[in-house]
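We call the chains A, B, C and D, going by the order they appear; numbering starts again at 1 in every chain.
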Amino acid sequence: MTSIASSRREQVSRVLQQHGALMVLAMLVIVGSLTFDSFATAGNAASVVVSSSFLAVIAIGMTFVIISGGIDLSVGSLFVLGGVLAAYGSQYGLLMALALPLGACGVVGLLQGLVIARTGMAPFIVTLAGLLGVRGLMLAISDEGATTYLVKNPAFASLGQGELLGLTYPVYITAALALVAMVLLQRTGFGQNVYAIGGNEQAAALMGVPVARTKVAVYVMSALLAGLAGALNAARLSSGVTILGIGLELDAIAAVVIGGTLLTGGAGGITGTVAGVLLLGVIQSLINQVGNLTSAFQQVVSGAFLALVVVAQRLLSKAQRLS
Amino acid sequence: KSEEPQSAPAATSTAGQQVVQSPSGSAGPTCTLDQFGGKKFDLKTATVGFSQSEKEANPFRIAETKSIKDEAAKLGIANLKVTNAQSQFSKQITDVQQLIAQGVQLLVIAPLNSDGWEPVLQQAAAKKVPIITVDRKINAKACSDYLTFIGSDFHEQGKRAADRMIDALAGKGKVAILLGAPGNNVTTERTDGFKERIAEKAPGIQISFEQTGEFAREKGQQVTEQLIQSNPDINGIYAENDEMALGAVTALKGAGKEAGTIKIVSVDGTRSAVQGIADGWLHAVIESNPRFGPLAFETAQKFLDGQAIPDKVVISDRDYDTSNAKDSLGEAY
Amino acid sequence: MTELTSKPAPRTDLKPRIFAWVQDYGVYAAVLALLLFNVLFTPHFLDVSNFRTQFVQVTPIVIVSLGMALVIGTQGIDLSVGSVMALAAALVALYLGYGALPALIVAVIGGAVVGAAGGALVAYVGVQPIVATLALLVGIRGIANVLVPQLVEFRNPDLIALGSSSVAGIPIIVLIAAALTLIMLFVVRRTTFGRQVVAIGGNRSASELSGLPVKRVLLIVYVISGLLAALAGVLATARLQASDPTSLGLFIELSAITAVVVGGTPLTGGRIRVLSTVMGALLMQLLAATLIKHNLPQSWTQMVQAVIILAAVYATRERANR
Amino acid sequence: MAAVLEAKGISKRFPGVLALDSVHLALLPGEVHALVGENGAGKSTLIKVFTGVYHPDGGELRHLGAPAAFGTPLDAQRAGISTIYQEVNLVPMMSVARNLLLGREPRGRFGVIDATRMYAEADRILSGYGVDTDVRRPLRTLGIGAQQMVALARAVAVDARVVIMDEPTSSLEPREVETLFGVIRRLRDEGIAVMYVSHRLDELYQVCDRVTVLRDGRVAHTGPLAGLDRLKLISLMLGRDLNEVKADGLTRFSRDRHGAANGQEPPAVEARGLTRRHVLDGIDVSVRPGEVVGLGGLLGAGRTETAKAIVGAMPLDGGQVLVAGLPLRGGSTAAAIRAGISLLPEDRKAEGIVPTLSVRENIALAALPALARAGVVSDAKIDRMVEIFMRRLRIKAASPNQLVSELSGGNQQKVLLARWLAVRPKVLLLDEPTRGIDVGAKAEVQALIDELAEEGLGVLLISSDLEELVEGADRILVLREGAVVGELTGDQVTEERIMATIAEQSDD
């Protein structure tokens, strides 16, 4: 009887832990709508959702990486590289516009994954090298960033700009990816392996989990998603902008962690990540609503918000019994 | 308590005002309210959005934002919404989209990048919100995608800097370039203009070193320290903004160089740089005037009044050198 | 001389010995190799003034890395160091009117306060270090920019002297960095605190059960990191002869982390290598200098850096247990 | 009969030690093969060679008569070799069911995992092992014994030809041990080869057919177990003369403590009404100087929690701990240690060793304040102390500077014991102190407990080994569902009475 009662309590706190970000998000939205007239408008909501969708795609990949106990700092650079390559490739048609960035980013992810899995080097440092190297590569193919390739292919452009019910296609693509990722994580052997190696890599290996293969897969996935986000963004902007993506990896990590995924690996989920991404978007939108903050104050406010959110999220989940 | 302020008192509001290069619309096509297809509204009661690209943390951005805000206040525009993209391009796109969602009727944008404005332009076009871009261009069609551009010609700035360098070195010598942030239009155009003019007018000048100083003073100092160490025979330094030039000055001082032995030419026209000319450390500075407020709102008002406005308003920047530095100190920003 | 790692057991066979040597001293070897390259291929490399430049430029990173190594030893990470440097620059500018020393003290206290805030979030609230310090990274630079919205030049002779004068031919700031390195070496190797830091990084719950003041130690570690970052900020400001909260210390957290990791301190905590961290910072500095001196474009610079980081860390990585 | 799995002259070297020295061992189908030896003899290493975790430096591994080389544990598993490792090797944050079925979850449509069926199946499998818990809970919320049962169930559930168990019973209750033996016998009857490692000799005699003794990485003996005298087995393990072993006897606790009535002294530590929701329900315990108090009870009865609560390592909803009559500040292990109470935790991997530090640093960890002046540690003092303890506890390490994570399980335990003795506590709480310790060392540890008690140390002894409890304790408190349900003193202290007390209470 005690065990049933305690397990119910644990279930409740587990739900809190997983959905803490969602609750903070709901609170912010309510406060925001009550404070600003122009906050809860369809247009504003759409702009938050649309602009969040690219970060969301990256954060989904990051969620897999972090649950597996790793981290991927290269996503910001892959995002730009993906965009530049997509814009370049779009001269040769829709297929190239997608194949080129995905191929290149996939290769980078594969290399990073192989190095991490085979040599046991820290993911942080391997992907930090990735961050530098990929940005260097991007600069190299864009004449030190001076050349911006434009998207002339209407089919590809509409992938980023086309609208359905007031939301652009990337939003739907993101939603679909999130669903697939959820199933992948919760309902497939691959997902279980990701949790297992993040929770206890040694044990996972002894339990017969293909550790190296899973790790490689996770980094490939993250890189592919970052490249895809970059390509979609290039389609949206109709050009391969070269100055994007600096610090994007930190946003993605923040979103994932705010979403309740443990940075030490082994626990977390996609719903939390999506909530985390939206949370960051809403914070930004609220700051914009205020309208006249100087740039420095904006930073103070978003730093304070971030601290507040993680503390709130942490306190909500503190009910969780510590082992 | 900070140190006593050392620079001259702030310039009066009219000092250093922007001057339009070619009297309005003499060249190029023009644009009217009818052509653009918008509706007339009263600027005073309208909601106006200003999207700044970088933090208000260097003299240029500070002066730019201040000029817009001051002018709006002067004209009695009560509803001015200002956003700042903190140098993140994606954020700037979102910022502007949210401004449009908040119902602004006129947008003034200082773009971080010239390309990639598709989503914003579409949304603005759907709502017929006129966009005036200041200091950097947007690569799109004036008078339909956006209204007009007001700003300097960066390419031209590079060329003028080259002219000054050629003067200073009498047409021959070795020059180093402190590049701006990579991938930035300003960097690209100021570099191209400079190199073009050097190649064309002074083949005796060799550009033997170019490294990014990322528009920051510390980076400029560090790169220059490395530079003068490994290339002691350098004669001139072209810095693509004043901050890097001032960093280079600190480096030269630290290495025990005398003022003026290495000729430094830079772009922007901040007060410290003009002071640097007066002190003999800088050779010349090409101005890039950030005070867009008056011109922007004047142009908007003209447009709303139904007058034809030019599709680009290029302002005439001046140069500072030893001949005018001391006197112009009050006008520099 | 190993640093607070267990001395490997006496070994008889050669191969593991070489392996272990590379693991422990790989970063020294890499620095040597780079020096050799430069001596051969870089003009004017052997000038005294060149070494001065390199040492002076690396000082802020070294000082920040020392604190970072401590934080990483506890299995944490401190992303806020760059912003703390900016805050220190701002505080110096604001208080310079009272003289250089008071301004320095205020700046360092400011750094300690930020460190304490991060430490409290990590130790007492239980926020993960990377997010706690990420919030500070954003917010503290904002505060620095609110305090001093743009670069401010100063003429205070004491502060300028701190940044540019030398004792016995060695720049003061280099001497300060060297002294701090020695102090940190002592703290890590010889003090109870140092042992507690690595123990907490190695196994936190075991440390708690062993009665170590885990939370307090964590708090102090972040305070030290903040202190050192602030000091680095003051020194960098003194050298620049201007306070620049806008861009001072941008991305230095990545350089510092790289220095620590290239030096062979694992990000998983439980071990700290002080001298190797300094070497790691020197390696990255020399590398950057080499690339600049050879006038490589940015794209090349970044790709070469990536490769060198990978190679250095590969050499010093932990052995797999097979 | 042909061997399923065979080691032919296998050698494995670690820096500083030759852990295996041309070991020959053949595992036959349908036999239960005991593998014994002192701590650090190389048992776990041999097992890890069999399962592809380590790769041998010399010799040959044969599987079903053919040479085999398992690159990874996965290869070994595919070849039908399934293993329960000494340290519980599961994923603590995943649910019980997912741990149990990882890699062979029931699939529904589209090859997607069918969660409902997975939970049902996990429930079914586990109840077969007497584990009755919500299979959706994270594994870490289970006691270590229950975790071990999950590992066992997992290992046996696959189609295995060989099942290897490295000290499976060290954290199991007698009742669970019976369940396990049932499983082992069933496996044997099905023709599966079982390799069984344990330091509990009576267990070996209950289930094993043959035995191989390892000593310092070499095979000291191999042959049928029946007919091998127990003392002879011990002398083989220890490498000492049979007569010598006989003379020393196997007395664990030297003194007959049950008569010792040291009743009137005030308790060294007294816990009153320790309460924590769902875990502890008003527990009163007191330990007098020189007294050994045993805590008995089934898995999950709350013994570990009681001990943790006393040292302040677990937040309480109510109750207090008094030391020498004064209340102890709650929630602070440091305060408890300063007041002279220390706890040897039960989970040595998660809560005991600091794997990145050396043996020396691990021993000195808790005593650091005493070994330092003004915050600067004295290496000389540490060296002296470490020396003493390594000798006294016979810790087998290449040097004090060897990483503690490289020691064998038993030696790690000794290092932890040394850590706690080094702080010179007044009361020592020992949670499963002899788990995983070999016969020789176990006797030493038990003798040590006696000795310490004699010197006036109060001891709270938690052990699932009833024999140890009965022989070691002056007084036993029996716990059930977080409450004290009985106290046995004097002549009442017998294994039967403990079992009876637990059983009586379970009936209602």
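Throughout what follows, a residue touches a chain if its C-beta (ideal position, glycine included) is under 8 Å from a C-beta of that chain, and two chains touch if they have at least 3 such contacts.
All figures in this text were calculated on a predicted structure; none of them were measured in a lab.
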| item | value |
| --- | --- |
| For subunit A and subunit C, chains touching each | B, D |
| Remotest chain, subunit B as reference, centres from CA atoms | D |
| CA centroid of subunit A to CA centroid of subunit D, Å | 43 |
| Centre distance in Å when subunit B and subunit C are each reduced to the mean of their C-alpha atoms | 36 |
| Rounded Å distance between subunit B and subunit D, as computed from the means of their C-alpha atoms | 72 |
| Subunit B: positions in contact with at least two other chains | 55-57, 182 |
| Interface hub residues of subunit C, defined as touching at least two other chains | 145, 149, 298 |
| Residues of subunit A engaged with two or more neighbouring chains | 139, 144-145, 262, 294-296, 298-299 |
| Each pair of chains that touches, named by its two labels | A-B, A-C, A-D, B-C, C-D |
| Parts of subunit D lying in touch with subunit A, wherever the complex brings them together | 51, 53, 72-74, 77-78, 83, 85, 89-94, 98, 102-103, 105, 111-113, 115, 133-134, 136-138, 140-141, 154, 277-279, 481-482 |
| For the subunit C and subunit A complex, residues of the former touching the latter | 79, 121, 125-128, 130-132, 134-146, 149, 254, 257-258, 261-262, 266-268, 297-307, 309-310, 313-314, 317-318, 320 |
| Touching residues (chain side subunit D, partner subunit C) in the complex | 15-17, 54-55, 311, 313, 333-334, 336-338, 342-343, 345, 350-361, 364-366, 368-369, 372, 375-377, 398-399, 401-403, 419, 423 |
| Sites on subunit B touched by subunit C in the complex | 1-4, 6, 55-59, 62, 182, 208-212, 214, 216-219, 221-223, 225-227, 229-230, 232, 243, 246-247, 250, 254-255, 272 |
| Contact footprint of subunit B on subunit A as seen in their complex | 38, 41, 43-44, 46-48, 50-51, 54, 139, 142, 144-146, 148, 150, 157, 161, 168, 233, 236-239, 241-244, 246-247, 284-285, 288-289, 291-292, 294-296, 298-299 |
